[in-house]
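Two complexes follow with chain A in common, the first pairing it with chain B and the second with chain C.
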Partner chain A sequence: MRHSTRIAVGPVQFRIGSDWRAPIAALEKLYAAYPGEDARPADATVRLFAARPWRRWLRPSVHIGGDFVVPDALPLPLSMGLLAAEMGMNLQVALGWRRHMLLHASAVAKDGCAVILSGESGSGKSTLAALLGEGDWRLMGDEFTLIDPATGDALAFPRAVSLKNEAIGEIAARVDAGRLGPLLAGTPKGDIRHLIPRADAVAAMHEPVRPALLLFPRFGGETAIEPMGEGEAFVRLTEASTNYIALGEPGFAALTRLVRETPAFGISYPDSAAGMALVEQLFAEARR
Partner chain B sequence: MVDRVYRAAPPDALRIEPLGELTAVFDRRSMQTHLVISPLPEILAMMGNEAVSASSLAGRLAADFDLDGEGDVAVLVADRLAELAALGLVGEV
Partner chain C sequence: MSAMRLLVDLLAGRRGAATLAPREWDGVMSVARAEAMLATLAHRLDGADLPPSVTTLFADQRAAAAVARTQSLWEAEMARRALASERIEFVLLKGAAYAAAGLSCAEGRQIGDLDILVLGHDIGRAENELLEAGWEWVKPDPYDDAYYREHMHELPPLIHKARDRMIDVHHTILPRTHRVTPDPLVLMAEAVQTSSGFRVLSPPAMVCHCAAHVLADGDLQGGLRNLWDFHLLVTEFTGRDTGFQAQLFKQAALHGLVDVVKRALRLSHRLYDTPLMLDQRTVPSDDLFIRRLLARDDWGRPTQFALHQAFYIRSHWLRMPPLMLSRHLWTKWRKR
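Presenting the complex of A and B:
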């Protein structure tokens, strides 16, 4: 392809190619501190391409391709090329990764122990992880957490955090402007702005961490803590994993081990401060 | 009622992991995960490797768990065995 770059996020080496320079330039800015060129071949390839050659210039629209494609995915305007790149990276990992069990969950770590937050879009898992990552926690990832089937450890996937709508203002008030990407207004997911994880989180991204707490957050409503049984946590995590079925028995073993060894809770919280306090409280109790 | 005869999956075909109130069963033949609740794990555990009829299994369960109303137990066990057969975890002989 005309333009391309290499980015390593956690254990995944991406090769991203594009018909246009702009999305690659935006990625290189967001991922400037990440390891790039690697001697080994890329694990995942993302291609951003124009459907017809003239569409590179005329109403340019970005199609997302790669090793895996989703049929019927609508192209995005070039102004959202960075979003297209991010969606492509997520897609390749979600559909193609086999080395670890992939959980659709954010995670933060402290003292070698991880808190894994699993929830639907809108549960606040990304915002909570991003906010905790600005304090004395290490941000492991806002979207995916990897579980090593051999050891049971959690591995980070600290891609640039995708802040959405209200979360943008909440985080922007706390961080240096240089750590924020361009505002992508009016995307199919609302307003989006990327946050570059702290340098220490990127530097530590290959360090495995012991899962200490599984949380299933729900944003809105009174503060509440609901202990969750192993069976329910297992069911929810099979639903939150994009490759559980593909992994076969190692995935089954990893997940049964994770829910047996890790206390799980459903939490509800009215605002970010209450959510962060719940995480701190339950983490302290889990380590007692 | 027809007293159907079933045989459990071969011993190495299933990986059974109790998870609190649920039991997760991984079937190595189909690579499928099944989540079952009592009394299905107990029925699976009691079947052993021999072909067994629903009525004789009901008798064993009633004796082991000191159940009343044997007729109802037989119907219940026959229904549960049919469910296990539908999941592919036992086979009808």
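Presenting the complex of A and C:
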């Protein structure tokens, strides 16, 4: 393709090709500090392309393709090329990755122990993880958490954090402007701005961590903690996993082990400060 | 060299994996994925000298293929149980058959739908039994449904509501309206029992079906993979039985598939070095088939749009007589 770049996030080496320079330039800026392993063959290929040659210039719209595609996915305007690239990368991992069990969850780690936060978009899992990652936690990722079926360990996938709507202001007030990507206003998912994880989170991205706590956050309402049984946590995580069925028996074993060995809670919180305090409290209790 | 050529050379063993540059792997991996052959390649290059990340990715692919194989055989078992009470005899076709028979082409092969063959007069009962066991119709359009029932070689596809897996129930191996009409009675009568308990086509019939599937049915989409099946089947059966070649042509003659089998042999000889059992090494139109089979760029994108279209038209031309084709296209066009 005309323009291309390579990015390694966690265990996945991406090759991203594009008909336009802009999305590639934006990616290179966001991922400038990530380790570039140029000689390493790509595990996954993403393509950002114009459906017809003239659509490169005339009302340019970016189609998302690659090794795996979603039929009938709607294209995005070129101004949202970065979002298209991010969606393309997520798609390849969600549909193609088989080495680990993928949980659609954010995660943070401290002292070799991980807190995994699983929830629908809007539950606040990304924001909580991003905020904790600015404190004394290591951000592992805001989209996918990988579980190694052989060891039961959690592995990081620290792509640039996708901040949405109100979370943008909340984070922007705390971090250096140089760590934020461009504002993508009015996307199908609302306003989006990317946060580059801290250098220590990127440097530690290959280090496995023991899962210590499973949380199912819900933003809004009174502060509440609800202990969750193994069965419910299991079912919720099968729904949060993109490759649970494809993994077959090893996936079942990995997930069973995860919910048996890791205490799980549903939490509700009215604001981020309360959410962070809940995570700290439950983490301290879980490690006791 | 294009990634497609590299893929074919790696499969055929003409090129050593250690000689590939890192950037060449990018393309090979993408086109292998696009052709649903990454796990096949992973098996072919098991133990070869590979970059570390490729070694790990290939191990993932082999493990995933093993799971998929178990799942597809389970699906075959589900069909067996559904059809057992009515004592409907059936034969496994394609991927599930290769897996059930333990053939070398099953290693790493992606298996999509479950394909089975039943006798024509059993098709109504087979459908009823499957519906009772939880499979459901997926073609809501009455024209499509009627088209399948009147003209195709299989029932409209059914999906199991709990397991979300598709089954194609065939009563022969090419559409009824096709220029070539194989004899399903012979296929069923000569079917053989595997050690896993399932029945599959006899070796010559299996190779004939594979060739028909690549070249007579459809527009060569997935052709590289299907031709790789063909190559491994022919190689394996020839190695087991020196009389296989004669049996193959005898069987092909029964079904009107001699030209199809010959072309498959020539193409797979050119791509994968299959031992050629023919005097004629190549005919000019083979070049078009080769070009169509290799029409993908290093990013995995299809190329040669006109050639794709030409093969698409050819598939329909073979599939039904001209008058019927024009009626079919007219109906389809009005439904857009």
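Definition applied: the second predicted complex is superposed on the first by the 286 of 288 C-alpha atoms of A that agree within 3 Å, B and C clash if a C-alpha of one lies under 4 Å from a C-alpha of the other, contacts with A are read in each partner's own complex, and residues count from 1 in each chain.
Here, a residue touches a chain if its C-beta (ideal position, glycine included) is under 8 Å from a C-beta of that chain, and two chains touch if they have at least 3 such contacts.
This is a predicted model, so every value here is computed, not measured.
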{"item": "Touching partner for A:G248 - first (chain B), second (chain C), both, neither", "value": "both"}
{"item": "A:A85 touches, of chain B and chain C: first, second, both or neither?", "value": "neither"}
{"item": "Residue contacts with chain A in the superposition, chain B compared against chain C", "value": "C"}
{"item": "Touched partner set for A:M1, first chain B, second chain C, both or neither", "value": "second"}
{"item": "A:E230 touches, of chain B and chain C: first, second, both or neither?", "value": "first"}
{"item": "First (chain B), second (chain C), both or neither touched by A:R260", "value": "first"}
{"item": "Which superposed partner A:T238 touches (first chain B, second chain C, both, neither)", "value": "first"}
{"item": "Which superposed partner A:L163 touches (first chain B, second chain C, both, neither)", "value": "neither"}
{"item": "Footprint overlap on chain A, comparing chain B with chain C", "value": "248-249"}
{"item": "Touching residues on chain B, where the partner in the complex is chain A", "value": "15, 17, 19-22, 24, 26, 28, 31, 33, 35"}
{"item": "Chain C-facing residues of chain A, complex", "value": "1, 13, 15, 17, 38-43, 45, 47, 49, 65-68, 96-99, 246-250"}
{"item": "Of all residues in chain A, those that touch chain B in their complex", "value": "229-232, 234-235, 238, 244-245, 248-249, 252-253, 256, 259-260"}
{"item": "Residues of chain C defined as touching chain A within the complex", "value": "22-23, 25-26, 29-30, 33-34, 51, 53-54, 56-57, 60-61, 63-64, 67-68, 70-71, 299-301"}
